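Single-structure report; data block below.
Labels A, B, C and D are assigned to the chains in the order they are written; within every chain, residues are numbered from 1.
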Amino acid sequence: MTRLESLPGYDAAAPLLAVSELRVRFGATTVVDGVGYEVDGGQTLAVLGESGSGKSVTARAIMGLVRPPRGAVTAGSARLRGVDLLTLAEEERRRLRGTTIAMVFQDALSALNPVLSVGYQIAELFRAHQGLSRKEAARRAVEVLDLVRIPSAARRARDYPHQFSGGMRQRVGIGLAIALNPQVIIADEPTTALDVTVQAQIIRLLGELQREHGTALVLITHDMGVVADIADRVAVMYAGRVVEQGAAAEVYARPAHPYTEALLGAIPRPELRGRRLAVIPGAPPDPGRPEPGCRFRPRCGYAGDACGQQPPAREIGPGRLTACHEWERVTTP
Amino acid sequence: MSVKKVLGAAALAVALTACSSGGSGGAGTPQGEKSFSVGVTTYFLSHLTPGRSVASNVDYALFTPLTTVDATSGKAVNAVAESIETDDNVTWTVKIKPGWTFHNGEQVTAQSFADSWNATAYAPNAFENNFMFAPFKGYAELNPADGKPSEKTLSGVEVVDPATLKITLTKPLSLLPYVLAQTAFAPMPKAAFADLPGFDRKPIGNGPYQLDGEGLAAGVTKVALRKFGGYQGQAGDADRIEVKSYQDEAASYRDLQAGALDVSLVTGNNLTDAAARFKDRLVRVPFPAVIYLGFPLWDKRFSDVKVRQAFAHAIDRETIVKSLLRGFGQPATGLAGASVPGGGAADCAACSYDPAKAKALLAEAGGWSGPLKLWTYQDPVNTVVLEAVGNQLRANLGIETVTTQTQPVDQLYPNLAAKKIDGPVLLYMGAGYPHLYALADQLFTKTSASNVTGYDSPEFAKLMADAAKAGQEEAMGLTQRAAKLAMDGLPLTPLFQPVGGLAYSTRVSGVKPEFLGAAVLSAVKVG
Amino acid sequence: MGKYALHRLLMALPVLLGTTFLIYLAVYALPGDPIQALAGPNRALSPSVEQALRERFHLDDPLLVQYGSYLKGLLSGDLGMSFAGRPVSEVIAASWPVTFQLGVTAWLFMTVLGVLLGTVAGLRRGRLADALVLGGTTVVMGVPFFVVAYVAQIVLGVNLGWLPVSGTDAGWPLAYVMPGLVLALYGLPQVARLTRTSVLDNLNADHVDTATAKGLRPRAVVVRHVLRNSLIPVVSLLGVSLGYLLSGTVLIEGIFNLPGLGYQIFTAIPQHDGPVVVGVGTLLVLVFLLVNLLVDLLYGILDPRIRLG
Amino acid sequence: MASSTLASASAEAPPAARPGLLAKLRRRPAFAISSAIALVVCAMAAVPQAFAGWFGGGDPRKCDLVNSGLPPAPGHPFGFDIQGCDLYSNVVYGARSSVLIALLVTAGMIVVAVVLGSLAGYFRGWVDAVISRVMDVFFGFPALVGMIVLLQAASTHNEWTVSAVLILFGWPVLARVMRGSVLETATGEYVAAARGVGAGTARILLRHVLPNALGPVAVLTGLNVGGVIASESALTFLGVGLQTPAISWGVQLNTAQQYFVTSPHLLIFPSIFLTVTVLSFVLLGDSLRDAFDPRLRQEVARP
């Protein structure tokens, strides 16, 4: 933990995690195109967007999981208290993973090694970063399982991932992320693969752990309903860009981007029961064949002549950004 | 069960076998002992009992029969026999040299020969060489058409005293001394009859070498021979001989090349390589055999002798031998080559290459219509030669469709016997003993199992019977006349007499072939 | 697991029985005359000896009677007599060590080389090493094995003199290196390629990302999370490929003059030596079934997801 | 509360149409090269006379023993075989039997595997038990030994008998995959649905199960073609396959082995053709499999 302070660029005043102008290419296709967001300790940032919008790729890029030959980060920075992860030596970066910044994956079944017991997989963290003995590490792993509320943790530590239910498995996944008490946790759609009732439990667990440790949490989801309760801030992504960003309550109440507006229309609400859900017409653009201008234009009801130009991100309030030429029309009821 | 345990067990097993086999391999020979190794085909080591032996050089190292055939003169000379006498070529009196013993010290007597011969002639023993005793009186009683034999001994073999044997045949056979030279007629000691299968694996013979160690067993590819101190004939030079068996001569030649062997037979295309590689350490060995194209006389298309002559003239034997066999062979001008006593005569008038005459003869006979099928048994050399013959017949006789078919031995021979083969067949025939008579008898006598063409000539039979009755000199002339007669009838046309080779390492010398082409083991000098 | 193993063993019984019958049927149905095969091309047995041999080997009995008496013998532990007059059990006892050593050598070569090459290729995907392994293994797949065997004998044995050309004189391991290598080439490409794809699959697997995100050292990620998982499917291929190896001994033992089971069966077929073909053939099937049972049990240990039973 | 998701909201539009398989294949150099070679080999098999004459020779049966085993010479780029025939034209004509056998065996194996595999997979129970045990017998038995025995037994040795034997020992691998995929498909929901509306067994099998289960088998068969060609040459090499005067690479190699030391070109040229052909089919199968069904890699690994 103290390691971060000794690294170049450390600035105690800087936000815990600040991503800016991040670009990621897969082959010839730019899938993340200048993404930036920030989150500080104790805060929860929800990153919203449909599949393929680049939200998961951004997270993986921050974690250093985007590597040749599959893809490459071509520009931008991801700073932890000012320390740019992307320019750090690989060995330094490795030491930060798990200890300072950790990740919860979408599908715990595939994210866990199927042929190693869950206890072993958690214990690996203690052995790799704290040099604990096999036995000691195993004991600590049981503690972690206990922490994520897995019943009879000592016994279950010897079980294999396929022997757990979906919800329990995701608890193990969260356990892996929080084991070393990192300052930043990125949770990539942690509830997508789960039943609705279990989803709520997992989100609640994440929220509790975050509050206890004052962690910064980046919660990636395509499901606005899930995060409405716990998000402090929201960043909405579309086609590799952040199209709107701001405090959760504000964004929910007064979306400033037609896409956000459409997303909100797509949340089933009790008061809308009996009516058809709003459907966003059309399909997201093919990232392999980018067209000039606003990416959302083909699906946008507000589109005007200006939309032929790429809209810049403009600040429309404190900490509130939107990338829409017509934002004023959107916010006007 | 853990992975580690499984792997551990496997490793242990490997280590154990490694130790056990390491011990048996590379057994050192004592200093100063003269030894060499020789490669033979597995066939040579199939059985070692006289009645089952194949008359290989190993058999001759272990056993010495009554006579041997002198390689240079081609004459049958006495070995264990002191004298062999007859007045009528039917009743023979054999005197045995004194002092000969088996490897276990037992005296070699007339009884030893009688015991061995009776065992072989007795059908229920099912010894492969049983058929060789057919000329002996009493054979029929031991080999009834069905049911159990009424007798256990040949009435034609009589032990007069320990040194005298009286043989009675059913009909005259002046060449008996040649016949007796085969290991099938070697003696067996009393000890053999206590355990015949055991004897077959580790025989006790009377030859210059005795079997060392375990002898033959399933899976054994190597036996050791040790010089027999009490041998009464010409003793061998080496103290110890290692005989290794191989699937074929090519495999043993490869080991010779790699230096793992001292003497090996060389056949086929390896001869060319051996000639270049071993130069004067390659001995050319003309085999007492003939490769011929037999005509199915039961097939109407071949009933006209002109057709057969046309075929014979259409084959370019010179080129086949020169190109295909790289000169290792003797283009046939007659039935037997010069290596067979009585052979070497150009008795095959139709064996000259003359395509024009061939065409004319075929036209005279009414031409050829339809496809032609040529047959042989599975053998690399046969197949290649047959294909060349087919090409020449097509080119020189204008036969459109010529196909070849090979069958395993065990299918081809029964098919031949049943006259189910519908075309000329390429076969190999080796003389049973070194005499033209043997070859002529095997190929042309009506009752011979190897007369596959169905040739049947009373005139030929008469000449052969006369030869059997006559003395050795006269018999030769009669046999040659019989052979010429058969060749004029042309039931088959000889193609070539095969030639093999014996190659040897620099460690040995004095390598010379015995009758069947393999090296005479007792003659090989070490160093 | 014990119950599962027992079940599998029981299932193997009808398979073995079926195998013996099929082989017996095939040998029985071989056209041609076993007696003529015994005599060879240049020798004609006398009719009386032929008759004696037919009786001794029950050649004139109908198929089912022959098979019945064979089974009866089998139950009392008697594998019968070969045509050469030796008990089949003795033939097997004398030959199996050769085949065992050859098989183990080839298996080791195949496994070690195959896994090594496949791993290197997988980890170095798209680079020179990968291209070399892929190219090399495909070429090996295409080149006829006998060409390889002859070339190896001439080059390694005769010209360079590094290894014995044939025979078992040099003992294990020297005598078995060359035939073992040639035999291993049968399965090596498959093992290497499967290892490679398996490594690739696992490199792309989510759990490897997890391991990386945990901050494990790259070597730990590769060894514990990529290789360990990648080798599981390879283990099952190793069992199946034993079948190829056993088949291959028939050829390799002939070419290299090794008196093993394959050699016995190869020489016994043209001789119509039914007892040897059936005995040795059944043994090979039995070994195959047992090894595959072991492999499946091992698989169950290596991969906890597999429930045996 | 059924939480709707963005994915479901926009899922109506199909994911930007799967890039065409052909386009995907065409981008792989291995595919381009191997399919080109395979096409050339097939063309050779179909019209050998069009290729054989390139260097002036052309008739594989025009032989002069005087030339026996001579090395390459002008007009005869591969030299002469042991009968003194032009080796090049013989090698060209040799493609025919290899390709014919590959076709016959592939077709035969598919038929047997599809019939037995579907029966076992669809009906299960004792039908499956019997068929599976029979497959076990064939799996365990050293195939080469079996093939030698049967071919020894065959009185004729032509493309048909060799193919028949190869099919006999080759079908279980395919049938096992077929069985597995039928098993998987037959439990699928649309099959249950079809059964629900009263479709007959035959109809369900033919219309619903087979088309869906056939894919893996077809791809696996493609992978197999190279192996079939190699097996033919191995059997022929052992002397139980094709026989002269048939012109085949196996026959040429079988003859050449005796002359390996003195006339290595007899072994080398047919070997190169055989190797390249087998290779191209293996690579072709590989590319097809990767393009069509990456999932199959596992199945191939665990036949």
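In this section, contacts are C-beta pairs under 8 Å (C-beta built on N, C-alpha and C of every residue); 3 or more make two chains touch, one makes a residue touch a chain.
This is a predicted model, so every value here is computed, not measured.
Undergrad: Please state, in steps, how far chain D lies from chain C along the shortest route of touching chains.
TA: Shortest path length, in steps: 1.
Undergrad: Going by CA means, which chain is nearest the middle of everything shown?
TA: Taking the mean of all protein C-alpha atoms as reference, the closest chain is C.
Undergrad: Going by the contact definition above, tell me which chain pair has the most C-beta pairs touching.
TA: Chain pair with the maximum contact count: B-C.
Undergrad: Between chain B and chain C, what is the gap in Å from one C-alpha centre to the other?
TA: Chain centres of chain B and chain C, defined by C-alpha means, are spaced 37 Å apart.
Undergrad: Averaged over CA atoms, how far is the centre of chain B from the centre of chain D? Could you give it in whole Å?
TA: That gives a centre separation of 46 Å.
Undergrad: For chain A and chain C, let me know how many angstrom lie between their CA-based centres, rounded off.
TA: 53
Undergrad: So what's the Cα centroid distance for chain A and chain B, whole Å?
TA: Computed from C-alpha means, the inter-chain centre distance equals 88 Å.
Undergrad: Can you list the chain D residues in contact with two or more other chains?
TA: Residues 152, 155, 261 of chain D touch two or more partner chains.
Undergrad: Any chance you could list the residues of chain C touching two or more other chains?
TA: 31, 154, 270, 302
Undergrad: Residues of chain A that touch two or more other chains: which are they?
TA: none
Undergrad: In the complex of these two chains, what residues of chain A are touching chain C?
TA: 60, 63-65, 69-70, 94-99, 102-103, 105, 107, 110-117, 121, 124-125, 128-129, 160, 162-163, 173, 176
Undergrad: Can you list the residues on chain B that touch chain D in the complex?
TA: It is residues 250, 268-270, 272-273, 316, 319-320, 323-324, 326, 378, 380, 383-384, 386-388, 390-392, 394, 402-408, 411 of chain B that touch chain D.
Undergrad: Of all residues in chain C, which touch chain D in the complex?
TA: Chain C residues touching chain D: 11, 14-15, 18-19, 22-23, 26-27, 29-31, 138-139, 141-147, 150, 154, 194, 197-198, 201, 233-234, 236-237, 240, 243, 246-251, 262, 265-266, 269-270, 277, 281, 284-285, 288-289, 292.
Undergrad: How about chain D: which of its residues touch chain C in the complex?
TA: 133-134, 136-137, 139-146, 148-150, 152-153, 155, 226, 230, 233-234, 237-238, 253, 257, 260-261, 267, 271, 274-279, 282-283, 297-298, 300-303
Undergrad: If you look only at chain C, which of its residues touch chain A in the complex?
TA: So the residues of chain C touching chain A come out as 125-126, 204-207, 209-218, 220, 224-225, 228-229, 232, 302-305.
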